[in-house]
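Before I ask anything, let me first share the structure, which is written out below as structure tokens.
We call the chains A, B, C, D, E, F, G and H, going by the order they appear; numbering starts again at 1 in every chain.
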Amino acid sequence: MADRPVEVGIILGSASDWPVMEPAAALLTDWGVGVEVLVASAHRSPRRVEEYVREAAARGIKVLIAAAGHAAHLAGVVAAHTTLPVVGVPIPSSDLQGLDSLLAMVQMPPGVPVATMAIGAAGARNAAIFAAQVLALGDDRVRQRLERHKEEQAAGVAKQQEKIPPEYHPAS
Amino acid sequence: MADRPVEVGIILGSASDWPVMEPAAALLTDWGVGVEVLVASAHRSPRRVEEYVREAAARGIKVLIAAAGHAAHLAGVVAAHTTLPVVGVPIPSSDLQGLDSLLAMVQMPPGVPVATMAIGAAGARNAAIFAAQVLALGDDRVRQRLERHKEEQAAGVAKQQEKIPPEYHPAS
Amino acid sequence: MADRPVEVGIILGSASDWPVMEPAAALLTDWGVGVEVLVASAHRSPRRVEEYVREAAARGIKVLIAAAGHAAHLAGVVAAHTTLPVVGVPIPSSDLQGLDSLLAMVQMPPGVPVATMAIGAAGARNAAIFAAQVLALGDDRVRQRLERHKEEQAAGVAKQQEKIPPEYHPAS
Amino acid sequence: MADRPVEVGIILGSASDWPVMEPAAALLTDWGVGVEVLVASAHRSPRRVEEYVREAAARGIKVLIAAAGHAAHLAGVVAAHTTLPVVGVPIPSSDLQGLDSLLAMVQMPPGVPVATMAIGAAGARNAAIFAAQVLALGDDRVRQRLERHKEEQAAGVAKQQEKIPPEYHPAS
Amino acid sequence: MADRPVEVGIILGSASDWPVMEPAAALLTDWGVGVEVLVASAHRSPRRVEEYVREAAARGIKVLIAAAGHAAHLAGVVAAHTTLPVVGVPIPSSDLQGLDSLLAMVQMPPGVPVATMAIGAAGARNAAIFAAQVLALGDDRVRQRLERHKEEQAAGVAKQQEKIPPEYHPAS
Amino acid sequence: MADRPVEVGIILGSASDWPVMEPAAALLTDWGVGVEVLVASAHRSPRRVEEYVREAAARGIKVLIAAAGHAAHLAGVVAAHTTLPVVGVPIPSSDLQGLDSLLAMVQMPPGVPVATMAIGAAGARNAAIFAAQVLALGDDRVRQRLERHKEEQAAGVAKQQEKIPPEYHPAS
Amino acid sequence: MADRPVEVGIILGSASDWPVMEPAAALLTDWGVGVEVLVASAHRSPRRVEEYVREAAARGIKVLIAAAGHAAHLAGVVAAHTTLPVVGVPIPSSDLQGLDSLLAMVQMPPGVPVATMAIGAAGARNAAIFAAQVLALGDDRVRQRLERHKEEQAAGVAKQQEKIPPEYHPAS
Amino acid sequence: MADRPVEVGIILGSASDWPVMEPAAALLTDWGVGVEVLVASAHRSPRRVEEYVREAAARGIKVLIAAAGHAAHLAGVVAAHTTLPVVGVPIPSSDLQGLDSLLAMVQMPPGVPVATMAIGAAGARNAAIFAAQVLALGDDRVRQRLERHKEEQAAGVAKQQEKIPPEYHPAS
């Protein structure tokens, strides 16, 4: 990945969150956006989080994505140490299926925002797309990729019509 | 406001959301960010929403903020029509105190992200700060304003110590 | 299905909702009600939704059923574009088991109603029956089918008594 | 009201629900739809409910609206005794702010649908509009009124723009 | 069971609730209490419910237990037709895991009580014990059985200590 | 009250619950049922609870009603010390509006039932009626009072019809 | 307070939490426990939190109490920087009445515990008592104070009996 | 375990809670803290609970951990009988996945605190660590073990980085 600058940093509260977040990293890579992934816990390794976040902007990172479960403080702690936009993905790792991590992420008090996505896989994918949307404001290549993605999505929905038995298809 | 370009568009599902969102518009204005506000409902005036959103990027808008209550579809509908980053603020206008608008905003299916903030006033303020964080990636003046805000916030917290009776203050 | 007019349109936010909704289409077909099924997403293919909905009444559609999961905006978006009655079925596709899609559907703000059914399979079946109840107001054949269904249901409950061991049966 | 047939019956679990539901009755009256209102409780006067409902269709009623709070069984009990479409409005009369009445209404088991609206005032208004949408399938006058309502709503939203300070208005 | 009078009637909204409720019937039988089980749905066979309930007291029934899932109206509907004590067991048959059936049962409005037990298996067993507690007020044999049960339970807990490794046992 | 035996004991976790429960005591008194009220906390005065409960049956008490807020353990603790039927009323005294006290009461594990009523005032009244229903199994006077109450309730609902404007009354 | 060592540190996420927490500080002071109060936000002044917490043990602090609202990360962030016991009090400052702050506090992932108390005033008082219980393990004076408190509480409950009308008092 | 004094008592409401709590006992044992485990139910064997708890302090116990599911009263009942610190672990044994046991534990009314941990496995582990944190105030060996644990945790997080594919690793 040496041939493109890393602009998105993904921070995982635990390596066990990787299977949920891997598609986000892959999508950004696939779209030509440089991405790196750090495992660092707001509770078990706060210094590791802080050091990474405080240097992120200087290293060229433009968007930070934080994924965590249970009482998910990671995104808020990340946001406490930077003025970069921080995107949060609640991971459904507890018995409450992510409702706890969602509320612990989205209900940030005034002053330190976290852009919260849906719980789990949907949120992981959307965090990557949202990061691309932010980067696209200053990067035409990414903007064009997003526009293509929007067209592909619409076409993909139309194509899903094939999975419905033909006798139910609307007459065209 | 003619002397600076409008870069943030705030869309309200109803004018009754204005008291909650007005501080967001004021903060952005105060920070030198051009902002405009449109009342447009995803359900009652979908065409008005679509027309505004589809032209937003061409008019120079870089971030869209959508605020709505009840089953808050506005942010998702806005995001359906643009690749600009969309920030959502759930308004607690129903009997369920915003839990409905929060879930209707944050639980977006994969493909079309909405960066969701906290319910109500906290979310309104954070939406403005988050929009500034996105703009700051390409605007040093806003970035500096954000850094000053971060310092002011920390100083403000320290200053709140004065509201605690002196006999309880930690010995320095 | 050329031999009867299509009066119910079912819109799915994703083809993955088809297994939940297929029994609804089958019930209507079985009762002699013409039904068609469109896959169209409020977020990924909003134009496809709008075009279908705007032409529905003119094509003879009398009731629209919309099924979607996560932040389920589909039914509300459909209702925004028509004055036909719109029935919503929340699909439990997210980690929150449909509570998100239920609230995102049922808590519509005043002005644009969505007739919301139960989450998942129960809601799918009831959406079909409800559509038939609406059609029955102007269609005696459907009304008679509904009345037979009501009798069959009562008889079916009585017949379930056989699954209880005889020693527990009330003395008649 | 002798000059138009009653086509919508509103059933209230308690007269204390009347302030929430009165606007629904008024809207239907205003739109030229005949409406009548019965106070009858599923628990305290089940016979009164049953007698009214069983005769409703024969008396020309086409849509029944049931409003109730707490464990709101009224709509389900109404639906048990008729094949007319039944619309439910959960009333937030308990300490749980209508979440109990919502779930008790919308989560109907398969076989007996209740078309559930939002909790409280929004749901009351939407129940009336939805009833009109059903009637409009066989009544052009009501259909035209609905279409005008849709246009008025869109215009009303645009007019709400006036409540936003002019300096925030988008440049036209 | 001809040799003892039936004093407890269990009503199931569906035969699919039988596996959850069978242990309740078995416990009562085992304790020498006559019990009978009826499948009858508040929505699909309201007449069957009403007829059974209205005759129950005259047939010697002293306690009615009603089990149902989804929007569980059965217990409330039973209570509407009798002054016998009615015990409710919410069945977790929907996607909301019984929260809907719990709230639909326990939140009865004033005037018509339902004695609600826990969701599912725990509630089924407790409904049987509670019915026995009511009968025991007038039946010494059942009262003695309950007292023995209380002692057996305490002894059973003490015996469970054996499942803990001995090295963790408190020194006696 | 010396002229009738006390058969119902109401236990309050705090005297602050008295305004909610007073109508329950008054209803029972009014119906000629002897009732007594004890303030005793499961947490702050467990011995007081235990002593009262252990002697209750011997003193002629037949039904115990326990009302408590927050993590409402009182009813469960009462039930642990007796085989009398225990009725629970969740009091909405915390920030969670009684959802905590409801779940802490109704979700009793298998073996020790608590007959749980609705949160707050509705539950208080219903606890009294339910206690009467239990007593009525062995007391014809109470049974007759209950039957009269059922008739009065039905009549009361019919009388509420007067609160609806006459132009909305169904044609008789 | 110079005459006794400070052993409990209370950290508030905002001075607006002081009215809720003041009784906790007062109770500890009243019981002869040295207490200090710091306003410091996990998000707005993370360095202030960290510096205070890292030096707390060396300064003689034995228990830390953290109170915060919304997505309440403060207690978890405090616990990340110390091995002292950390007690958390969720403050109901958002529209969700403290459910968000409760889940954000109590659902800590494995490794870094936060001893969570009830939402709001009850939790504030209990945090102080719990801190005293921890200190009492090594401080007989505090232990005796706690035992007296337990007796006073039991006596206080008994005294509340006076608030019940005498005609309802159990015969002694 | 005769060679070290028992300082932590774990009470389980049922032996079925042992698989969840066993790691807590093992961690304490591993850290050289004497621990014992009692199965005792607040509802089924209240006397067994009370006797154990009332003697605990005299036997040298310093911290009590109580684990229970459903309407989890155990921790509160334990706290009612002692001034020792009581730690609670909600067990997700009901259909509500531990939300009921969490609220029944954490929402203790003022006067009798329970230090509540997360639902299930995370809470079990944290209860053990928290007990060690309390003991460490008077036991340097445990304090050192805790500090080592904190370092090991931070190192463990850093080591988890290996589970991320190298191409995603931040450039050092």
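We take it that a contact is a pair of C-beta atoms (placed from the backbone, for glycine too) under 8 Å apart; a residue touches a chain by one contact, two chains touch by 3 or more.
Here the structure is a predicted model, which means the values were calculated and not measured.
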Select the interface copy of C-E from among E-F, F-G or F-H: the correct pair shares over half of its contact pairs, counted by residue number.
-> F-G
Quick note, more Cb pairs in contact for F-H or F-G? It is F-H
Centre to centre, by mean C-alpha position, how many angstrom separate chain A and chain D?
-> 41
Separation of the C-alpha centres, chain A versus chain F, in whole Å, is 52
Separation of chain B from chain C, taking each centre as the mean of its C-alpha atoms, in whole Å | 36
Junction residues of chain F - those touching two or more other chains | 14, 41, 44, 70-71, 94, 96-97, 99, 106-109, 111-112, 118-119, 122, 153
For this entry, which pairs of chains touch?
-> A-B, A-C, A-G, A-H, B-C, B-D, B-G, C-D, C-E, D-E, D-F, E-F, E-H, F-G, F-H, G-H
In the complex, go through chain B and note every residue touching chain C.
-> 13-14, 41-44, 46, 50, 68-71, 73, 76-77, 79-81, 93-94, 96, 99-101, 103-109, 111-112
If you look only at chain F, which of its residues touch chain E in the complex?
-> 62, 83-85, 87, 102, 106-119, 121-122, 125-127, 129-130, 133-134, 136-138, 143, 146-147, 150, 153
Chain F residues within the chain G interface of the complex | 1, 6, 9-10, 12, 14-15, 18, 25, 35-41, 44-45, 47-48, 52, 59, 70-71, 94-97
Given the complex with chain E, which residues does chain C contribute to the contact?
-> 92, 97-99, 118-120, 122, 153-154, 156-158, 160-161, 163-164, 167-171
